[in-house]
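Next up: the structures, one after another.
Consider the two complexes below, in which subunit A is the common component and subunit B and subunit C are the respective partners.
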Partner chain A sequence: MRRLRRILAARRGLFGERRMVALAFLVPALFLYSVFFVAPIIASGGIGLTDWRGIRSPEFIGAENFVQLFLDSGYVTSVWNTVVLILYGLLIQIPIALFLAYLLWQISKGVRVYRAILFFPVVVAPVAIATMFSVFYHGEFGPINQFLSSVGLGAYRQRWLSDFDLVLHSVIIPEIWRFIGLHVVILLAGLQGIPDELVESAVVDGAGRLRIFLRIILPMLKHILLISMILMITGSFKSFEFPLILTDGGPGTASSFLALYMFRRAFVYQQYGYGSAITITILLYALVLTLVARKLLGGERASY
Partner chain B sequence: MRISRVLLCLFVVVLLGIVTAPIGLAAGEEEVEPEKPVLRFSHGYAGASAKAPVFEPALTEYITEVSDEVIIEPEYVSGTDRIEQVMIDVAAGDPPDVMLFWASEANIGDMAREGVLMDIDELIAESDVINRDDFTGWPTTNIDGTYYGIPYEAFSGFMLANRRLFDEHDLEIPETMEEFEEVSAVFRENDIIPFSMGSSAGDPGHLFFSQLVYQFENGFEDTEAMYDTRDFDYYANRRAAETVHEFIEMNAFPDDTVSVGGWDEQLAPFTEGRAAMIFTFPWITGTLVSDGDPEDYEVMRVPKHPDAVRDPGEYTVGGISQQVCVSREAWENESKREHILEFVEWLVADEMFAALAEDTGMEIPKDVDWDMEGLTDLEREIIEVTSEQELLPMHEEYFHEPAHFDYYKSAIDELYAGRDVDAFIADVDEFINE
Partner chain C sequence: MKSSQVKVTRAERRLRKSASRKRIARVTGYHAIVGFFAAVALVPFIWVVMSSFKASGAILTTPFSLPEMVQLTNYMNAWRQGGLATGFRNTMIVVPSAVALTLLVTTTASYAIARVYKSTSLYLYFTAGIMVPLHAIVIPVFIMFRELDLTNSLQGLILVNTVAGIPLAVLIMVGFFSGVPDELEEAPYVDGANTAQVFFHIILPMARPGLATVTTLTFINVWNEFLFAVTLNSVHRMWVLTQSIRALQGTFVTDFGLVTAGVMITVLPVMLVFVFLQEYVTRGLTAGAVKG
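Then we have the complex of A and B:
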């Protein structure tokens, strides 16, 4: 008996056999994660405190880059544009994805086909999609403006990529469109996890479609929606290809998002210190918004 | 219990393997390290470049020829993305050994001052075949009195008109802004873009902007002085920015100047016969000839503004776009030096320049006998007209840093998209004085 206790204690202790085995499994992953994720973030933070230009030796300048950021109109515009992108995601992308997922959940035939069609843009290279949209948006020969002219609405032709008030929305549309399918697949998986009995019993109790959706489906889907929202928010902070290919973030910074602005500052302007400071702010924004989303939607997991 | 111990041991072994693998690999690399030196060569004359059909096969042949003694690794990236690639290599402490790179202070100033590039006169001094006097365009390779590159590709701007479109609409090619406005109105009524000019990442808008600036009072002098004064807010810049707005108001530019920004995007409406005029540069002549109807095109003068003090037909903007640069570190490596010298001698040989000029229409900055017979009438006309014009460097030459030049190009995009002149001038002025 005493021997058994000793064995169990050895297994449970700080350096118990089980913990050591678990640690052995974790160490390779932790090692790779530290080398390829944690260390670069720490290094970025360090470079962000210098004036490194890639060639000259870096000089420590404290928080000057971070102070300068908020006086930099290009940075402020890029932050605002990224906020607009997130709002598009919250108010248009995820609701559309939820609606489409709900429709797919309702139908019994062809779900896989529709799901594959909706998911298709996610697997297409963003360069191809951006090139396609650059043709659509072409001011002179693009099909959108050509169509407007052909139906007598020539007065509504737009300078899709050079009108300061319009260009941001022109760049956001392909970004939003591309990832709707991803959220449809995630939300559909969540919907398929809701037991039929719950919905059936609500129907028996006389609940209408809207009530079932609001009172049963949405609460049950809360955690899946949270995943979608976190993916959308973090994705928005990484948004890069569409503004780069369609407008290079311009004119000026009118359609630039944070990731592109960071790229331009670090690699085009060769201001690596300043670019690293932007990277750190991107990380902080993503972290804060993710925590806020978790706080708002996290809570108790719905149970049945 | 025994299984757990075995697993534990196994993972410790695997972990040790992961950690020590790089050491083993490094050791292995040392053993198989080739004795032949490796030269990394960064260039842009491949892929869709008009120079690729001549340059790439010749380079491949040379690499094969010298492969017993040296390994030459070409690194190709298209367009100005290559600047970023090279600068990242430089930041990583691993610049290409030899490169064809953009000239001027904004592009090589930092690399020159920080000792990344070698004084090219040292290389010329060791060569029996490279003669400094054979080349033109040296000033753009000069940083603080030292020359860091051998001029390789020159360029001069020119304006073309599609004569067929003018004839079809019974119009004369304009020489003044007033005439330009008249023909623009007629072309617009007929769904033709009068002037294919846009700006995305500054191209080609910033080059035409310089062309406009120099017709106004002290335009070139104030631009040249900008390097010392850091003053962007001068009369000619303002007048040129206002002239861009005049073009916009007369509906001469395409509706969407960002869509038609970039070289190919600007050229397409012209070669498709949807635009009547274009201001462009020699690197598009290959596509101009292959995709368009060169017999319809005619070189025209840039229209003169009523307030101009200098006829824009008498000068053009341009300079040296590419130069041969060599990394100082590579040059100081004894095992590489001889091969670098031979490679650069091959790059700047008369035969290479002649082939590039004859077969691709490249403007060469070396005094070489070459046969113009292979060129089209249009290409010959372009060379004849531009060679008679005074060649003036662009604003690009007078910025201190790549960041200043890039910011300026970004502001040029905004200007062509209709941004207010005061805001444009103030923004650039503020940025270059930060």
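Then we have the complex of A and C:
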């Protein structure tokens, strides 16, 4: 025993072998993460205060980019469209996912299969799904319009991706569809964590199904719902592949979202300063909405 | 106890029977609803699989019929004319390299964080990145890579994909390492093993489920990655698969056979991983949500 302690003490000293090896273990990840992840986030803040185009050198202009943003109709439209995307998530995606998770929770057979099928779109490359939907939506030959014609609803054929009023919804729907399974899995895990006795005792007391759901299950699920919502909100600010591939944000900026708008400004127009200013606003919006969601659902420790 | 159970009145029995019948009806209803949504999730993919085997003309005229015969022309055209061969090759270089690098740097670092330093602040520093969308770093990374001459190179993509995978991988691995009891590590030290040996021979094998989770998660994320590819790689020769698919859609708009075959080539490897390693995939993709 004494020998063991001596060996361990030698290795565990401040400059012992164990500490030195651990340092060598830590440094590569620490270096990569600090230089290529943390430093760029901080740099974004600085770049956002400059006028920096193409290969010219940056010029400090203070907060001018941020003032410019709110006069830029493309930016304002992108903010609004992102809000619509979040509303779709809040009012359609998460309620559907919650409903499905609630049903799956009460089914005993086939849950794994349903879960797997619903989750499948989550693992497929967004680029591939967007490409799929560009085929589905094709105005002349796309299967959606073809289907409408073949069942006698030809009058309802649409120019899904070029109709000014429709395009935003056409882009949002596949995006909402794709992540339903993710929320189902998260919420189902939450439901399975609710102690059986709680529900059983309510049943014994003669409480109805709806009452049990509203009074017992929903409050118990608050933390997990919050996680789903935060994930949905931050995900909405990342919406990029779908609008890029389906419409490139068009017609005009009718289907542009914040992440795509940032990308276009920075990499199509090569305005790195302006693009970084957009990035900063994205981070701020996401932060504020996350805090609001947390406040409303009252789960301070929810994300741990 | 028993006697009271035996003495069930007829009325009671009838009541129970109807209750169980109601239950069956209810559960069947649930299956119908969930089944409908499962179909909504799957049907678009089934249409793509079917179309990828059909001649493009047939897709336009009879979009909902089964393929008359399975023909691989679309796949061959997408591969050659569509330029998917290049994208596939580059992806096959980037993905395994980024996965291996991520595993190497994050398992070692997580071991140091969880078992040697036992440092909460290091843990929080690394995992804070989960909350940051990668869009936030794409402009500075592009400028940095332009200076370092890492744009239009597979090395650059491998590097940035590795970095992007660090936060979640550290979260998962620290979770696994911190559960290992101290005694397991002490015994081999007495036998004269050094720290690296203890890590590779004792600790790492114990964290196998964690390794599987990180591997599948990183595989899928890097395979599907598009944002960094499209911003850092403009030269055709360096394109990865996701970029090739996008070009395919732009060039061969109504050649639905070719486009759907291209989609299938991108989806298939991920689908295989998903089918065989489903538990790890779901765990990995929800890990950040549930724990982070």
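Details
The rule we apply is simple: the second predicted complex is superposed on the first by the 260 of 304 C-alpha atoms of A that agree within 3 Å, B and C clash if a C-alpha of one lies under 4 Å from a C-alpha of the other, contacts with A are read in each partner's own complex, and residues count from 1 in each chain.
We take it that a contact is a pair of C-beta atoms (placed from the backbone, for glycine too) under 8 Å apart; a residue touches a chain by one contact, two chains touch by 3 or more.
These figures come from a predicted structure and were not determined experimentally.
In the superposition on chain A, A:Asp163 contacts subunit B only, with no contact to subunit C. In the superposition on chain A, A:Phe25 makes contact with both subunit B and subunit C.
Within the superposed three-chain model, A:His138 lies in touch with subunit B and with subunit C [touch as defined at top]. More residues of subunit A are touched by C (comparison of subunit B with subunit C). Of the two partner chains, neither subunit B nor subunit C is touched by A:Leu210.
Contact with subunit C, but none with subunit B, is seen for A:Glu241 once the two complexes are overlaid on the shared chain. In the superposition on chain A, A:Ala128 makes contact with subunit C only, not with subunit B.
Residue contacts after overlaying the shared chain place A:Leu231 against subunit C, while subunit B stays out of touching range. Within the superposed three-chain model, A:Phe267 lies in touch with subunit B and with subunit C [touch as defined at top].
Touch criterion met: A:Ile117 reaches subunit C, while subunit B stays clear of it. In the three-chain superposition model, subunit A touches both subunit B and subunit C at residues 17-18, 21, 24-25, 28, 134, 138, 140-141, 267, 272. For subunit B in complex with subunit A, the touching residues are 1, 4-5, 7-8, 11-12, 14-15, 18-19, 84, 87-88, 90-91, 110-111, 114, 116, 193, 199-201, 254-260, 269, 274, 401-403, 406-407, 410-411, 413-414, 416-419.
By the touch rule above, subunit C contacts subunit A in their complex via residues 27, 30-31, 33-35, 37-38, 40-42, 44-45, 47-48, 51, 59-60, 63-64, 104-106, 108-109, 111-113, 116-117, 122, 126, 129, 131-144, 159-160, 162-164, 166-167, 170, 186, 189-190, 194-196, 199, 220, 223-224, 226-227, 230-231, 242, 245-246, 248-249, 253-254, 256, 259-260, 262-263, 266-267, 270-271, 273-274, 278, 281-282, 285-286, 289-292.
Looking at the complex, you find that subunit A touches subunit C at residues 3-4, 7-8, 11, 17-19, 21-26, 28-30, 32-33, 36-41, 43-44, 47, 96, 99-100, 103-104, 106-107, 110, 114-128, 131-136, 138, 140-141, 143, 146-147, 150, 177, 180-182, 185-186, 189, 227-228, 231, 234, 237-238, 240-241, 245, 259, 262-263, 266-267, 272, 275-276, 279, 282-283, 286, 303-304.
Considering their complex, residues 17-18, 20-21, 24-25, 27-28, 31, 53-56, 134, 137-142, 145, 157, 159-164, 167, 247-248, 250-254, 264, 267-272 of subunit A touch subunit B.
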